[in-house]
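Following: one structure in structure tokens, then a few remarks.
Chain naming follows the written order as A, B, C and D, and within any one chain the residues start at number 1.
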Amino acid sequence: MWQALYDNLEQTVAVILFGIGFTILLLQRNLIRKIIGLNIMSTATYLFLASMGYIQGRKAPIVTDGVTDLAAYINPIPAGLVLTGIVVSVSFTGIMLALTVRLYRRYRTLDIDQIALLAKGEDMA
Amino acid sequence: MDGLLMIVSVLLPIVSALMLMRMPWLNETRRTRCTFVGAVLVLECIVVALVALEPQRTVVLFKMTEQLPIALRSDGTSRVFSIVMALMWANSGFFSFRYMSHEQNEQSYYAFYLLALGSLMGLTLSGTMVTMYLFFELTTFLSVPMVLHTRTKEAIAAGIKYLIYSIAGATMGLLGIFFLTPNLGSPYFVEGGTLMANALNIPREALLAIIFVTLVGFGTKAGMFPMHGWLPTAHPVAPAPASAVLSGVITKAGVLCIFRMLFYVIGPDFIRGTWVQTALLSCATITVFMGSMLALREKTLKKRLAYSSVSQVSYVLCGLYLLDTMAFDGALLQIVVHALTKDALFLCAGAIIFTTGITQVDEMHGLGKHMPWTMWLFTICSISLIGIPPLGGFIAKWYIAEGALSSSVPVALFNWLVPTVLLISALLTAGYLLPPSITAFFDLRTDGECKIPQVRAKPTMLMVVPILLLTVAIVVIGVNPSPMIDAFNRLAASLF
Amino acid sequence: MTLARNFPFFSILVCLVGSVVTSVLKPRAAKALTIIIAGVVLVLSAFTLRYALALESAEPFMMGHFPAPWGNELRIGRLEALMATGISAVLFITLLAGFYHMPAFVSEKKLGLYCIMVDLAMCAILVMLYTNDLFTAYVFIEIMTIASCALVIVRQNGHTLVAATRYMIMNLLASGLVLLGISMLYGITGHLLMEPLGRSVRHIVETGQYMEPLTVVIALITAGLAIKSAMFPFHAWAPDTYAFAPPMSSAILSGLIGKAYIFLLIKFFYRVIGLDVIVGTNVDSVLFVCGVSGMLMGSVLAISQRDIRRMVAYSSVSQIGYIYMGLGMGTEAGVAAALFQMLAHAAAKSLLFLSTNELVSVSGDRKRFHYLHGAGYRNPVAGVVFTVGAMSLVGIPFTGGFIAKLNLATAGMPMGGWMRALVLIALAISTLLNAVYYLHTVVSLYRRAPAEIDYPPSHRVPRHAAAALVISMLLTVYLGLGSGPIMRVIEAGLKMFA
Amino acid sequence: MMLAVSIALPLLAGALLPVFRWKTPAARNAYVLLMTVLTSLLLGWALTQPANGAVDLLRFTDRLTLSLRADGLGRLFAVLVAVLWPLTTLYAVEYMQEHPKQDSFFAFFLMSYGVTLGIALSANLLTLYLFYEMLSLSTLPLVMHGGSGVSVHAGLKYLYYSLGGAAFAFIGLVYLVYFGGTTDFVFGGLFTHVGIQHTAQLRLGYLLCFLGFGVKAALFPLHGWLPTASVAPTPVTALLHAVAVVKSGVFAILRITYYSFGAALLQGSYAQHIPLILTAFTIVFGCAMALREHHLKRRLAYSTVSNLSYILFGALLLTPQGYAAGLMHLVFHSLMKITLFLAAGVYVVKARAEDVRDLRGLGRSMGLTSGVFVLGSLAMTGIPPLIGFISKWSLGEAAVLLGGTLPVAGVVALLISAILTGIYLLVPSFTLYTARRADGAPEPAPLGLPMRATLGVLAAGVLVLSFYSQPLLDYLTRIASGLV
């Protein structure tokens, strides 16, 4: 069991990280923390992907000193995916932060439930 | 065309009633109206007599559906009933010419009086169950207005009660008609019944039960227990002549329906000796007894007479349900006699009310001195009704009792029970019918002053003569019943 | 016409380019351009459909110059083309009818931004319909997420902010799941294109090795897409979002974007995993139960609403429930019925959101039913349109909704036992519930208006907007009358899928 | 094809009615009357053409089509409607004089005509179902025409009941599509061949269908909407809730019983017994409620509840006689009940007499109306030789011929209800004439020509049919034995 976990360490770590991120995202009520959780979650996925693509004893798929033999490099596709993923996550982190700032300006708090309450209050008014 | 007379006898009163309603010149004076009505009544009697003289025949008017013919039929039964009814009607009609001068809207009174006569004629002449049912309902609707005539609150209440009871009864009858029809040989009436007793499509017991319900239903009009509740309420509220025909004649409509069902559809043999006969007999006997008891307790004269009808009409039913030739004769005789007697009695009551406005029995002190004719006739009729020889009432009851003793009823008890009850009820009848005469003739008041009730109007011949005629008829029947008995025997022979 | 085989790609490209161009245009021009683009896309998709109907089998369309299994592909099949046509038609109508009252919700200078987002969303939808490649799908899921969030957030009030935040979080969570699923799938198969994926998945199933991870993958991706399309237990984010976003955005969100996700899910089931495997893993039964409970709960919640737009929002939860019930049957017929329901709902829902907005605005922006009395007289067009839309969702004959229900029911018949019973009874009850809240609303629209309320002078709807509303109404009715050919296309398309 | 036209004409005419800007009400009324009569004539002409097979208007799928056909039953219902509709429209013209929003009223009134014809002439269950739903919606505005809270509530109640019923009928429809392959109406049903498969499911399906359509037929547990709906203007109550709507429910049940699922499938199964019990109970229940009700129109509505079950009871005996008797009562009850309702409407609008007690003493001042009312009551009670008696007789006869516990119980129910009918209809009729008018009650306004004409024609119809109905009855028998 432990052996199995150890053998594919990255995946294990990735899954654990994902779990952590997930829980934070769900359970934390503070927006900033939620965002952090989100990032942890995506990072976990990237780690997972990268570990998929990695092949023992090969180099990153960047052509240096003219070696074009495929066998020299690791699988490039996951790397590409990770890159795309990172871009995406950056962008939505940005949006989330922007949202958070707006909300904070408006309600002077980061607690999502409280904000919801305040919003209802506005509606009544 | 043959049967034209029958149709005429039904339509004549109806048409003339419509004329009475629509044509103002008929109502310009009381005289013209009364002349018209009188003429119609006489004419009707003649037509009925002619119909009676015709040979027996059945005429199909039209068919609602193939299975539902509307037919008229004149035969022994119809003769007996139609003649009695027409005569009674004419009689009280003439009585009411004077009597009604006190009441409001005579026009509608006479109109409905004639309409009811028409429907009654239809009932007597009806040749199929459905026709009978039709005219039965019609009679109800057309006689209700007579009950409602005074338009007082109690009159309306009574009218509605009468209506509801009759509809209920009629529908109970309809139940039987429903279930009998598929088991009948022909939709028309046939002497001795047309029930195919050995090819029933429902269990025999079930059919018997249904028949019981049916006969009880038709018994409503005859005021038979348990459907008698309406009669004492409805009859007295009508004007005297109306109540006379109501309880003298229209009660016989119920009897007629039972008669037709019993002898022309089901056939006496089917129920002879079954529990149904027992049940019906006991109902009738109970009614006889109960009616007299209630009459005894009643202080208002007309109410008392109404209760007495309850009891008297059930004599007839008793006689019929015994399913015995002799009792049968008695029953028919009782039909005639009771019609005459009760008519006469009510007319007397009417005359008293008309003259003095007295309605209670114990206010009639010294009336004998004041209006001797009326009271004498009243007394004679009472005697007949009690059944003291040699008057008609006695003969009828005698035959019924005889029949009861000789008949083969399922429960032997009835051989004795019926006569006993008849006897008791006769005593009770004496108990409630003699006191008026006694108080009228022998002023029993201890204190000397003898107050003559004040007079509102003098009774004219037009009021006394009808009563006189009736009384004479009663006496004649009492003295010489044989021709009638023979006629009835012939009828019975064809039915049993 | 071989040119037509490029049209899907063109339509996507048009949207992308458009989104770039609009960013530098004046609001009015941007608005016009967006509408034009939508129109162009509609035309292109229509041609594509015509082209696809001629095809024997779906044909892949290579993007860039890497052949499978590396490069990423589009796929031109009847079903894709049909959905593309339907959705772009609805989108076009929505824009036409909805844009003119955007100023009420968006400040003038933000309108350009809004247009960009609409273009992006449009593009993302198209990609999701056409793509043949899971990762491309993922990327555009993210783009769609961001775009749609922007569509919500452009209206600047507290409610929208909160709603948007909720929406964002749920969606990101979902995309996280999807991404993880995809990468795990890649891990066990080493492919991202759908054909090779399908092959190797079939191989896995045959060998039986890696079955558990496969199950996990299915669960992850299904869950992700279910959350994004507001399937019942995960619907919490939807009502607020739909209720507080600008009406046009709500129309696009609930009418179209949700459908794109579901379509992707269907693709995933059919082309990647294979329906039999799905049935084997009982994921379908889960979806079925969720769908049925969604149908009922959605309606119940909708009944309890006092605000017309929230009511409409909740009703879409129940409508999505219908779709998932269809999917959950795990049969060809069921999926076909679900697809038709998608079309019917897309048409009806967008028109409901828009007409609702009209009715509310003639009632002084008060959404309580009490104020809506007589709105049907104050704005006749919107009144009639709303009525028809409502009828369609209730499932009154001669509208798309009825046919959808009929298809679902007939699809439910073959699966005997409790499932059949459940389908039929759920349909019956939810029909009744829908009737309760929708027709009640319709009735109150035509009730005599209370005297004491003063209504704003009813602004007249621009002719083109009115026309668009009427057209979309006719579309709904057409779905009810001419459903025969459409169903045939759907069935043929499903055949092509596998 | 003419059938389709005769359905489409009133629909279009109604839809277009608000479009024209009417100068005077008279013009509008003329238009409405013209269209109605035109439709009836068109229909009559279409029906005289030899009945060739079904006309497909629309194909949803290869086995689900929207198609029309005029077979015996369809003709019967269509003609019934086509005769009564113009009459009632004529009546409505006078009745509605005072009301607001007449345009919309007449628009929907016309459209309902088309929809009802659609129901009558539909060639398969799907088509029937479609028009059935349409009917619920097109009549809804008529029920709510009053616009008050009460009438809106009534309308919603009516709507929910109908749609709920339709939803369950829908299930039955699906069963039929799935097991029967088609929904076309074939006399004797689709499952006549021996050794029917899936009898259990089919019976269940039938039962669901029956209960579903039973809502409009106001069966006992589902009758609640009918009395409430009598807040509608009288022409609506008379025509729709005595003829069109409720009879459509009955008609639908006849269709599924004899033309879709088929008697062979149901004979002697629970799918026959449960409905029989329900109807028998409803017969008595309706009358009892009517007895308790003092609001005249509601009383009549309850009497409708009971009478509809007469028809169903007859039909559910699943014998030709029973079916024929049911049809007979279908026709006759429509005639009698519409007569009664219209008379009641006259009382409402001319003498402000909503309540049975208000009728007292109106007999003299409103001679014609009261005469018609009494005639109707007598017929309804089943006094021979009026039509009510004929149909009740045939019902009873059919039941007795069949024998067995339930039919006999049904006969008893019939008779009890006859008694009750007598009481709740004849007692008012008598108080019409006997009792005195309450002091201070308004003097009734005179009737206009339209109302007099309508009442007169209806009364004449009742009388004529009472004495000469043999051809009709023969036709019904031929329908019942599948000859036409």
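We adopt the following convention: a contact is a pair of C-beta atoms (placed from the backbone, for glycine too) under 8 Å apart; a residue touches a chain by one contact, two chains touch by 3 or more.
What you see is a predicted model, and the numbers here were worked out from it, not measured in a lab.
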Distance-maximising chain from chain C - centres being C-alpha averages: B
Cα-centroid distance, chain B relative to chain D, in whole angstrom: 44
Averaged-CA centre spacing for the pair chain D and chain A, given as whole angstrom: 68
Whole-Å gap between the CA centroids of chain A and chain C: 27
Rounded Å distance, chain A centre to chain B centre (Cα mean): 107
All chain pairs that touch each other: A-C, B-D, C-D
Residues on chain C engaged by chain A in the complex (per definition of touch): 70, 135, 139, 142, 145-146, 149-150, 153, 157-159, 161-162, 164-166, 168-169, 172-173, 176, 179-180, 183-184, 186-187, 190, 192
Sites on chain D touched by chain C in the complex: 58-61, 64, 129-130, 133-134, 137, 140-141, 144, 147, 152, 155-156, 159-160, 163-164, 167-168, 170-171, 174-175, 177-178
In the complex, chain A residues that touch chain C: 18, 21-22, 25-26, 31, 34, 38, 41-42, 44-45, 48-49, 52, 75, 77-78, 81, 84-85, 88, 91-92, 95-96, 99-100, 102-103, 106-107, 112, 115-116, 118-119, 122-123
Residue ranges of chain D in contact with chain B within the complex: 378, 381, 383-385, 389-390, 393-394, 396-397, 400-401, 403, 408, 411-412, 415-416, 418-419, 422-423, 426-427, 430-431, 433-436, 466-467, 469-470, 473
Partner chain D, residues of chain B touching it in the complex: 62-68, 70, 130-131, 133-134, 137-138, 141, 144-145, 148, 151, 156, 159-160, 163-164, 167-168, 171-172, 174-175, 178-179, 181-182, 201-202, 206
